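Both complexes below contain subunit A, partnered by subunit B and then by subunit C.
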Partner chain A sequence: MIEMIIVIATMAVFGALTAEILSNATRVYASSLERQQFISEARSSFFKIARELSWQKSFDGFSESTNKKVVINTEDENVISYEMRSTNDIINTNSQISQINTELLTNKINYNNSEFSYLDADNNPLDIQTQSHEIKLINLKVNFIDGDHSIVFNSDVIPYGLSIGKFMSYHE
Partner chain B sequence: MKNNFEGFALIEVIIVIVLVSGSFLVFLEALNQAKSIQVRSEIVSTQSMLLHRKISQTRASGFDNVLGYLDYTSFPEYPAYKYSIDAVFVNENLETVNNAETNYKKIEISVKHNEEKYVPMSDTFLMTKK
Partner chain C sequence: MNNQLLELIQGKSKRSGNGFILLGSAMAIFLILSIFSIYLLKIVVSENTVSNYNLLDIKTRNLMISGIEYGTQRFLDNSLISEGTISKTMDNGNFIIEFNPSTNQEDQNLPYTHFAMLNSSAIISDVSRDSRIFLSSYPNIFNLAFFGNNSGSGSFNQSGGNFDGDIHFNGTITNVNLSPGKVAYNYSGNGGQINYDTNLDFPNNPFSYFVNLLNSAPNTVTNNTTSSSTIFYDFEDGWQGWSQHQVQWRKTWGRRTTSGTNINFGTGNALGTINNGRTYGAEHSYVQSPVFNSTGGGTITFNSWANNEYCYWDAEYMEISYNGGSNWSVLINNCDGLWSNSNSKKSGSATIPASSGTANTRIRFRYNTRDGCCGNSFGFFIDNVSVPTQQSTPVDYGIVENMTINLSQDGAIISNGPYISNQVLTFTNKMTFNNCTITGIGKIINRESIEFSNCDVGGGIEIMSLDEIIIKNGSSFGNNVESLNSSVVSYSKNSFEIDNSTFYGIIFSKGDKTHFKNGANVYGAIHSEAANCIVESNSTNIIGSLVSKYSLSFNSGTIRKGDLPKIFGNNYGISGTIVPGSYLEY
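Our next item is the complex of A and B:
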């Protein structure tokens, strides 16, 4: 009788611990997968913008750009733009695509903490309206946010067309 | 009438608990590895972004402003990461030239996480005098 009670009590304690461990482990695993998916999406969106920012051919391309929108005039006469909207998303317009040329790149950003800035060679910020011809670097800062997940990607991009001259085949 | 059902003996329960605990350890280790991979992936993404940033900044600063070795220095906005820059003059065959200036510099930039278990990420490129 005593042995049976001990067995029942042991099984109860062990069962409760097991359930708790499994529950926590599943939660951690699910959260880990969510985070990985979030980072992947943020990374691909960020590097797509960074890569295409380097295609800017001339300073005139900046005439329509702001701290929330950048317009890229490419060597092959196409126009690409990225706009951060107050609805916490980024839309991408690309004239290379003839039909539906505007698409939602991501809807997981914090608008207030995301921006384009335009810098000189010493990393000093420039006024895009009056000093666009002095731009050496474009700073891209995007705060991606999705529920509890948040990450800030902040990088500088050098527009090859401005600093090197003619766009060559080996440029990105 | 004899009752043949005697239930589980304590020793049997203990053996089962030990076996199940062992299998849990394997399960938890697998979960731990999944978490580690996710953290590593995030760190590599940030390293890649910071390396890209530092390469752009170095290129923008101009040929004459990049020379010598800068030991690992923290990024102000990302204190968990450090970068180093090693710039040397090279000739047209990309051989290092120590005692003279040439029109080419080979720049190596490396970005690492403060925790040594993560592998540094580096890139090498050339800058030419205009």
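Our next item is the complex of A and C:
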């Protein structure tokens, strides 16, 4: 009888400990995974745009861009665009992909708090439709939101292609 | 009683074994679940690692850009091309840059022969990034088919021909003819499209390489041959350069066909003066000849007429000066018998000793009536004066015809003519090559002009002159613009002209004129600092790039953007540039 009690008590203690560990691990995992997925998606989306912005070949490649959409014309004649839509998402278009060349990059943004800004050498904002030849810098700001999670990424991007000289038609 | 005790002991023993089995099972389950939870934690850690790759990507890209910028600086310092691949380690990673003068990242040919590729590869941990840019071995302005710096501040007015490439002119463009899709740029927008590329500077190049070589070339020597001749003065068409001068009282020399007593000389006009005795007073004057070259001596002959108070009261003299008239000495004196009182024509002569003759000799006939008294009014006249002279004719030893010339073979090409020393063909005066073949590698250097007619000049040859370079009559220079070894480099300080000939290479032209005409075909780079740059005739083609410090007179033909010789690390003072828009990540 005493042995039985000892065994049951021991199992209860170990069982409780095991359940607690499992519970904690699962909770940590679930929580981390959820936030990590959000951060990862936000970060990879933001960095993808920032990276590809630097591929812009010429200032006039921005001529079709707006504060909610950027068009990138690359040296290998690829045309890439990112558009922030009022449905709180960003779609990515890439002319190199021949079949389905438009995809949803993320659907976790706050449209009203996200934009592209185009700046000259003195950090003054430009009218990109008429002043694209003066562009030196692009400010990329995206507010990602997912339930209780929210994060704002903000970065200045200098397209490297633009820093080595103004591309004109005779540089082809 | 004993049996019951035994059963009890056996039963206890059986239950005790079951308890330990249960305990062992619980511990095993605990162990399995613990291991499982550890794996769950490892998955979380792994997720974090994946997210860190984003940061690693940024670091790697920054390192890649650092590589590009490092390589760019080395290129601008002109030191990259000799090193090939360079590897550097930094920030727990390393980048490798490579200068590739032939192909792009896909092993395909570069857009132009004068381009090269600089690529940078960076690796940090598991992440790698690659990028490249293109480098040109020429300044930015050579990316255009035509660049006009317009230092003369005019407007551009194309009267004919066609540009098959973009152009830029620093001024108003009044008229231009472009192929479809091509653009004429300027900075004002007057007649052209506004150019936002402000990095279009005409290079200020002292051309030290060529200047130093030309300064080491032999000085000019003019070879002449001289021949004896005479100058004849008959005064039929005027004074022929003779002039009269007064010593005392008066001078009354003139051209007459008759004497003061109306005796006809019979030789047309003679030059002289009438002695009118007291009527008009005394005269002491002379007529002198122009300067003549009596080097080597010779004989002076003449006709004369005189009727006077012989010897003293009316005195005639023939005198000579060997220094242009500063000092005179008498060759025929008044009392030598020639000018005794006579109305008839006399023939006189005098000898210039070889030891006395100079290139600055004059003669004069002097007449002194002293008292102006009692003389015969006939007067004193001279005619048909002949003086010796030396004619100097330049001899051109620089003409080379129908020869094959190898610049690696030292020695004279022709006797007294151009010669080769250390792969340099040079001379002391103008060089003219007719129907010649010249092979390199080497240089043709001359202070005076160089002319090629129907010549074939191979690649790897540099031609330079302080005067002008003329290429004409179906000449062919170079083979292609792949490299300097297959093309020709020309530098001329005063003028460059190519006429109905083909040229592959680079032309540096200064001075008065850069002239392409009559079916000239030029492939490569043209740097013109000449005040006049002219392209004319229908079949004249320039394929490459023409940059002019001033403007361009374009009447006919085609100027097309094309390949230029690859000149990375050149001696000519030409700096390379990064090609805008060529940055690519791949």
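Operating definition for what follows: the second predicted complex is superposed on the first by the 131 of 172 C-alpha atoms of A that agree within 3 Å, B and C clash if a C-alpha of one lies under 4 Å from a C-alpha of the other, contacts with A are read in each partner's own complex, and residues count from 1 in each chain.
Definition applied: contacts are C-beta pairs under 8 Å (C-beta built on N, C-alpha and C of every residue); 3 or more make two chains touch, one makes a residue touch a chain.
Please read these numbers as outputs of a predicted model, since none were measured by experiment.
Novice: Scan A:Thr74 for contacts with subunit B and subunit C and give back first, second, both or neither.
Specialist: After superposing on A, A:Thr74 lies in contact with subunit C but is clear of subunit B.
Novice: Applying the touch criterion given at the start, work out whether A:Asn123 contacts subunit B, subunit C, both or neither, answering first, second, both or neither.
Specialist: So A:Asn123 only meets subunit B here.
Novice: Let me test your reading of the model: by the given contact rule, A:Leu104 touches which partner, first (subunit B), second (subunit C), both or neither?
Specialist: neither
Novice: With both complexes overlaid on chain A, does A:Met11 touch subunit B (first), subunit C (second), both or neither?
Specialist: Once the two structures are laid over each other on A, A:Met11 reaches both partners.
Novice: Return first, second, both or neither, reflecting whether A:Phe153 touches subunit B, subunit C, both chains, or no partner chain.
Specialist: The first partner, subunit B, only.
Novice: Touching A:Lys136, do we find subunit B (first), subunit C (second), both, or neither?
Specialist: first
Novice: Between subunit B and subunit C, point out the one touching more subunit A residues.
Specialist: C
Novice: Is A:Trp55 touching the first partner subunit B, the second partner subunit C, both, or neither of them?
Specialist: second
Novice: Intersection of subunit A residues contacting subunit B with those contacting subunit C?
Specialist: Common to the two interfaces on subunit A: residues 3-4, 6-7, 10-11, 14, 18, 21, 25, 28-29, 32-33, 36, 39-40, 43, 47.
Novice: For subunit B, which residues count as touching subunit A in their complex?
Specialist: 7-10, 13-14, 17, 20, 24, 27-28, 31, 34-35, 37-38, 41-42, 45-46, 49-50, 52-53, 56-57, 59-62, 77
Novice: Subunit A touches which residues of subunit C in the complex?
Specialist: 15-16, 19-20, 22-23, 26-27, 29-30, 33-34, 36-37, 40-41, 43-44, 47-48, 50-51, 54, 57-58, 61, 65, 68, 72, 111, 133, 140, 143-145, 165-166, 168, 183, 185, 195-199, 561, 577-586
Novice: In their shared complex, at which residues does subunit A touch subunit B?
Specialist: 3-4, 6-7, 10-11, 14, 18, 21, 25, 28-29, 32-33, 35-36, 39-40, 42-43, 46-47, 50, 119, 121-123, 136-137, 151, 153-158, 163
Novice: Touching residues of subunit A toward subunit C in the complex: what are they?
Specialist: For this pair, the touching residues of subunit A are 3-4, 6-7, 10-11, 14-15, 17-18, 21-22, 24-26, 28-29, 32-33, 36-37, 39-40, 43-44, 47, 51, 54-55, 57-59, 74-76, 133, 160-161, 164-172.
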